[in-house]
Amino acid sequence: MTHIALAGGALLILIGVWGMLTKKNIIRIIIGFSLFDTGLHVVLVGLGHLKNRTAPIIDSDLPREAAASRVVDPVPQAIVLTAIVIGLAVTAVLLAFALKLYQSRKTLDISELREGNND
Amino acid sequence: MINPILIIAIALGTAFSLGLLKKLGRELSFAITLIALAAMAFISAQWLSAFLTYNMLGPVVTTAGGRAPFVIVLQMGHMEALFTLLINVMGVMGAFYLHDRLTENGNGAMAVLLAGIMGLNGIILTGDIFNLFVFLEIASIATAGLVLLVTDFKSLTAGFKYMLASGLISGLFLLGIIFLYNTTGTLNIRELLIAVPGTIKAGSVASFLVMMAILLEMKPFPANGWGIDLYSGAPAGVSALIASASATAAYFVLIKLLPLGGTVAYKIAAAVGITTFVASNLVALSQRSATKLLGYSSIGQMGLVVGIYGLNYHLGSKAFLIIFSLLGTHYLAKAGLFWLSGIVQSTEIDKWSALRKSPVLFVLFGIFVFALMGFPPFPSFFGKWELIMGLVASKLYWWAGAILLGTMFEGIYLFRWFSRALKLDNQELAKPRSTIYTFVPPLVFAILLFPAGYYTSTYTGGIGIMGFAPLLFIMLIGFLDFLPAYIKNILSIAGVAAYSWYLWPHVQGNTFKIVFAGIFMGGALLALFAGFYRRGKHLGFYPTTLLMFLGLGILVDASNLMELFYGWELMTIGSYFLLIRGERSLPHGYSYLLFSLGGSLAMMFGFGLAHASAGTIELSALNHIHVLPALAYSLMLVGFMTKTASLGFHIWLPGAHGEAVADIHFMASAVLLKAGVFGIILVLSGMGNSEPYARNILLVLGWIGALTALIGNIGAAFQESAKYLLAWSSIGQLGYIVFGLATMTHLGWLAAYGYTITHFLYKGILFLIIGGIAFRVGTADMYKMGGLIKRMPFSFLAVLISIITLAGIPPLVGFTGKWIFYNMIVSEHMFYQGLVVIISGIVAFLYLFRLIHVIFLGQLKDKNRRVKEVYPWLLIPAYAMLIGVMVLSMFPNTLLGPLGRMLSTAFPKGALHWDGYTASTAYGTFNMPIIMAVIGSTFAVVFLWLLLANRRAVKVKQFNIFYSGEAPSRPELTHFGYNFFAHYKKAVGFMAVPLVTRFWDQVSEGLHALAGYGRAIYTGNAQSYLFHIVGFVVAIYLITMGGLS
Amino acid sequence: MLLALLAILIVVMLAAAVLALEHGKLLIGVIAAGLVSLIASVIYVILAAPDVAMTEAAIGSGLSTIMFLYVISRLKGDTHG
Amino acid sequence: MNFDPMKIPWSLLGLFIVFCIGMFIRGFVPKITARVGKRIGIRIYQPWFDYVKNFSIQTSITHGYMFYLGPVFRLTGGIGMVLFMPLIHGSWYFSNFAFAGDMVLFLYLMFFGTLGMALGAGESGHPYSAIGVARGLAQVTVAEIPLVLAMLAVAAQHHTLSISQIVAAQQGGIAHWTMVTNPVATATGMLALLGSMMNSPFNVVLAPQEIPIGPPTEYHGTFLGILTTNRSIFPMAKIIFFMNIFFGGATNWAILILKGWLIYMWPVIVGVVFPRFRVDQSIRWFLKVPLLLGILAVALV
Amino acid sequence: MVKKAFAFTLILGMGLLFYQLYRQRSTSTDLNKTARYYVENGPKETGSANVVTSVVVTYRGLDTLGEVTILFVAASIIGFFLKNQRNRKLEGAPGETSELLHTGSVFLVPLIFLLGVYVFVNGHLSPGGGFQGGAIIASGTVLLFLADPSIGAGRGVIHVLESFSGMLYVGLAVAGLFLAGGFLDNRIMPLGHFGTLLSAGAIPVIYSLIGLKVGAELSSILYALKDAKE
């Protein structure tokens, strides 16, 4: 399962990067970024997964003593939790930028969103 | 000890509470923000002071009450304390500067700032790699927010690009982190560093990704377009924060994490860093926008320190000293410059001349620029010195060369900027507005640069207290700049006298040092005395003059190479400010500085080789260098020759000197140039002439000297301005000296020393008097003068005697030099170079004659009918030197005797033999007193006879002769004195073609073209920047990892 | 079984991702991107990460999509390309 | 060798003899050139009459000190050159003050007079004299180059810069003369001599004087007298110098006169044959043939 | 086209990089020592049944604090930077909202908020926690917007909530320094009985504060974006 998840995540990352590199519309670029982000999260969770194990929550089915041999790695999950929220914050700020840029130049074309010359 | 985690807690608590404080008003919120930042700074400071006082290990602070590797830990050590202190101080200052912007935007903005600074602190303190990632994100998102303190299109695009780029980079970082965790099972950095070499085989892609991310955070070339746009797009105060605080924190990440990548990471960092340094500075050459320039420069500087960290194993124990000094200078100076850019309110570099309307701000500007360029007494001077010494000692020549090249590029644009700000017209421009908020931070940082420099020097050694103490005096004079000139003049003379008093015991007994100390200090006293002729305040003159003379004093006093270089650089700064004072001297002062800089860098490399060879920086290291000796000596000679204005490096001189006023011209030509001679003597004494390479170098040097003499003198013959004439003449005279030294014979050196001293005297007279005349007449163009002999008889006499001396006409002392030259030429069979030197001596006669004739003789101009004699303040020093000339003329053995005795130890063969007053060599003899007596008495007899015969002659008024048809419209065309030697020009004018100038012009054009190509990659398009980032990662991956493994 | 489901989900997710980038209408693109997140959260459940799944569902596919939609609604008709 | 007061009268005597020879030649040479041109020419003793006349005319105007100093410098230069020149080889009485200086002193003393003349002319305030001075200086400096090369070659050949020793080294027959032992240097030197003797083709310098203004008109009476005195001394000093360097010097006055006259005639003859050069032309000429010869001369040493 | 080809090449290069990255990953089927420590000691030390929660709130609590800060910064940025427009503009024109939506929201929003609270209060026992709960609360806010576009009164409450929860969070964290083993230590309160609501020390409190804060922040971001008209 890990393999598939990792491969899928990696492809998602690449698709996201592709979007960031080739799309002209900045909203699309931000979409590309969020795909990239999601792909990363899939990779992270996939990497923490161990075959035939369960979620790291102690309950009646999962006594504390047996937990170590039956649960998946909790650390990547914790990291992803954080990463998702961070990703959201970044996306939000990017979107705010995009909106502001659109309002000032009436275009979403990234190649036109730069100063007249580079001086 | 205060728990360092409180830094984070204070920042966050304050940031969160700002939301509640809205009602209380923004000023109060601002004050609370400042207090919070200050508290953070205090925590760092008290840790740092504890570390410096007690030799202790920093604590590891665990959170959550858990066991160390499994919970997030914070590390507080020496480095952390220092770095957080830097960041928090910058936080306080930056926030203070941003007062207007912050209060305008409200509490949210202040909270963002606090959170950003907190993030940077977290980056440094945290001992957990994912936690570091989180703090990085906080910092970068806060940065993007701060950019928006001013919302315009520029800052919007800049922020957007930055967000996109940093999003991509942090994605890669996260990927690397998780795979590192996957392979090592830990996120604790310390554990990772232990685990990495064991569990990961070489070429771990995970650590590669982490490494790429941290390198990309440093904005490496070419994947840094977003960084440059950020610097130029952000409001000035924010750019300052980014350049100082963010870059510093990012650098600390590099220090912390680079070891994860193993040795290859260091190599990559070195290559990437130095490439960035060179390329950014190259690209910056064609920039006209101040903030962009600063952006490139910041990126370049950070590239440099990254590169140094990559090379740190080669630098040994000095590595961190170097890093701290360079980083610290960058931190202070770059912040200061960005702050100033906010005050100037124009990104156009040419508009910075407006800054002159606020002199204090302008002084700060100068301090920052010179600090950035590694001039003493700032920390970067010591850093750069140790860097080059270390690199060269480790045989990393190409690295050192690249760094020097990059520094040169940086100098070109920074100094162009500074020079233009210093000289361009600012009538039209508004005075820059600064408030207390925008004024204090740059002031504080500028002041901090000085103690920082001193502090750094205590770690490097080499410079004693006398390298710094006089600077305090100079600063005092600087503070007193509002006083009238004569008071400052008196103070300055006292200062120089005191320094001379200090210097005397150090040079006593060493003829070589006495000669130069005499020229430098004597020159200083004479020049300052002459300075009494000025009226008004003469702003900025005294500090810079004293700086130059201090540099010269240190040069003589130097007991090691570092001190020598220190003095040299101080002298360069001081002299630059003197030379650029002239009316039209902008391009000349600028090129002077560039040549000086290039020379210094070459010299530093040479010193590096000397140090590598001898293992010490004592002056004795110059003797018999055996590491690349030919290169070492050549570089040092080139370095010193930039100051003697030898052929190829002479193009700065005529303009720079020609535009200077009397006393400055005197200092620059008669005194300053001798510093180069001093250096060449040192180098040649060390080199000797026994090795084959030495002979080749000497051959080239000899030709350079000879041709310099010729070109200088021919150039002088074609000048219309008396000052330019004298300036060209100085080039020629220095050519003689270089030639004499290059012969490496007793006579050659004797002549060189003789010229050094006599040139000081007779040229000194000429500079003072011609300068004084130009001041009186209001022009230096000779054809606008004429007939001044009646108005200025004392000047005339002094000029007459000095040109007789200069031309080498017996019986005055100039002849002695010529005579020695002839003897040397014949005895050494140096006919060809000798011929060139002799020809130039003859050419000298042409311009000298023109000088005296066109100024003093001929027809008096109507407007000069009432012109007065030159100020006595100028005449008195001139006549003092005149007495010197006469004494030496009559008794040349008083000068040549001691010099000969000194030289006999180095060159026992071919010494001048003295028999009473008769000097003789194997070839010729001369007896100056007899020559003097014969010629003098003949002269007297004939003169008296003539006077007697014409005792009843009636004096004719000067205007009692017909006016020889000079058309008033364009008088210079019809004036006989204009284009005096036109026929000469027709015949040999090809030698005056400015080939060298053309050469340097083309070098500069080429560089700019290159810069243009480099700049083409910075399209301003965010997407291209993303391309660069991905391309950078992939390319380095393919290069270093070679694909599959 | 679970493996096959995972594989199918991933294929769908990738397809949605391509759609998100390539579809002519921005609105569809945004919704497709939300779909990607939604599928990802299912994948997380399969990968024994219920916490992450909840977060992704609530934030990635929920709030994030809403934000996109808010912004798109401000773009006067420039919702193509 | 040290100073001996008895040198003074003997040197003055030598100076006087040289002056007389100069006066003689200045009368004799125009006579010859006139006869060649089928004219009668001046009387040989004409210069003496001029001389006496000039010194007996009172000058009534002066332009200032430099106006005085010009001729003074000029004459001092000329006299100085003679006083430091060994006139008769082997004679203590006519070796003058040669011990106090050597060839270098001589070469530089030549400028002393030049400078003085130029300055004096300048003080007269006359623009044309300045033009003449500019031309003269430009030309002389270039003519000096081959001369220096020749001197260097000779000095290197004889291992001394001392004129007396060079003369001494040439004693013992014509085969020992520098002219024979070092013909290239001699040729160079003689070409250089053309440049400073004010004869065609190198006498455009005199053109502003020919238009009857410039120094000789401004200076009259005593001033002119001093200048004419110098015209008898200065060329003679040069001639004797050349004689000493290239032609074995003189062991008695008769030989000195003979050799001096022959050397003097060389530029005169050239001047009769060749037309006048413009200054830039002559500068270029000196930088071609004589310079190459000179380089050859030092290369051969 | 050239651009795309170039981009494709770069993507291929990255693919290669990823491939190598995968090949180098650890293939161990056991928990590594860090994970093992958390799983074995987490419940005991923190009293939280959900190991992920113990990691997020306690062991790696600083991350979470940072994460909340990021959201806070983002909200602040969007707040002050989109604000100018809002001030210039009159409060949004009352939109046409259906009666159904309005009534529905009155009924639904409290329920949604309640669900959010439930999720974060139970974070230490079951999947979910502050972020999820906060996000749920924020979606409730969205519904509120939909129902009444002109709503503005809630903003003040949001900010106060945000600030208070943030300050309390930091305060609790600092309290750990004095009352327990260190910053963010949850044992400033009794661990209680494992597996019950009032257990795991301060974790439920902290998670609740996080939930409130995240909810408030997300709401204010949404609010700002929604209102950012021209």
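Labels for the chains are A, B, C, D and E, by order of writing; each one numbers its residues from 1.
FYI, contacts are C-beta pairs under 8 Å (C-beta built on N, C-alpha and C of every residue); 3 or more make two chains touch, one makes a residue touch a chain.
All of these numbers come straight from a predicted model, not from anything done at the bench.
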Number of steps on the shortest touching-chain route linking chain D and chain E: 2
Partner chains that chain A and chain D have in common: B
Label of the chain whose CA centroid is most distant from the centroid of chain B: C
B-E against A-E, pair bridged by the larger set of C-beta contacts: B-E
Remotest chain, chain A as reference, centres from CA atoms: D
Chain whose Cα centroid lies nearest the overall Cα centroid: B
Whole-Å gap separating chain A and chain B, where each centre is the average of the chain's CA atoms: 50
Chain centre separation in whole Å, for chain C relative to chain B (CA means): 58
Chain centre separation in whole Å, for chain E relative to chain C (CA means): 19
Distance from the mean Cα position of chain D to that of chain B, given in whole angstrom: 54
Shared interface positions of chain A, touching two or more other chains: 13, 17-18, 21, 47, 55, 57, 71, 75, 77, 79, 81-82, 84-86, 88-90, 92-93, 95, 98-100, 103
Shared interface positions of chain B, touching two or more other chains: 130, 134, 137, 141, 144-145, 151, 175, 179, 181-182, 187, 1027, 1030
Every chain pair in contact, whichever chains are involved: A-B, A-C, A-E, B-D, B-E, C-E
In the complex with chain C, residue positions of chain E that touch it: 50, 52-53, 119, 127-129, 131-132, 135-136, 138-139, 142, 218, 221-222, 225-226, 228-230
Chain C - residues contacting chain A, complex: 2-3, 6-7, 10, 13-14, 17-18, 20-21, 26, 29-30, 33, 36-37, 40, 43-44, 46-52, 55-56, 59-60, 63-64, 67-68, 70-72, 74-75, 78, 81
Chain A - residues contacting chain C, complex: 1, 4-5, 7-8, 11-12, 15-16, 18-19, 23-25, 27-28, 30-32, 34-35, 38, 41-42, 45-46, 48-49, 53-55, 57, 71-72, 77, 80-81, 84-85, 87-88, 91-92, 95, 98-99, 102-103, 106-108
Interfacial residue positions of chain E with respect to chain A in the complex: 3-4, 7-8, 10-11, 14-15, 18, 22, 25, 29-32, 34-36, 38-40, 42-44, 49-52, 55-56, 60, 63-64, 66-67, 70-71, 73-74, 77-78, 81-82, 85, 125-127, 129, 131, 195, 214, 218, 221, 224-225, 228, 230
Footprint of chain A on chain B - complex, ascending: 130, 134, 137, 141, 144-145, 151, 153-154, 156-157, 159-160, 163-164, 167-168, 171, 174-175, 177-179, 181-182, 187, 287-289, 292, 1015, 1018-1023, 1026-1027, 1030
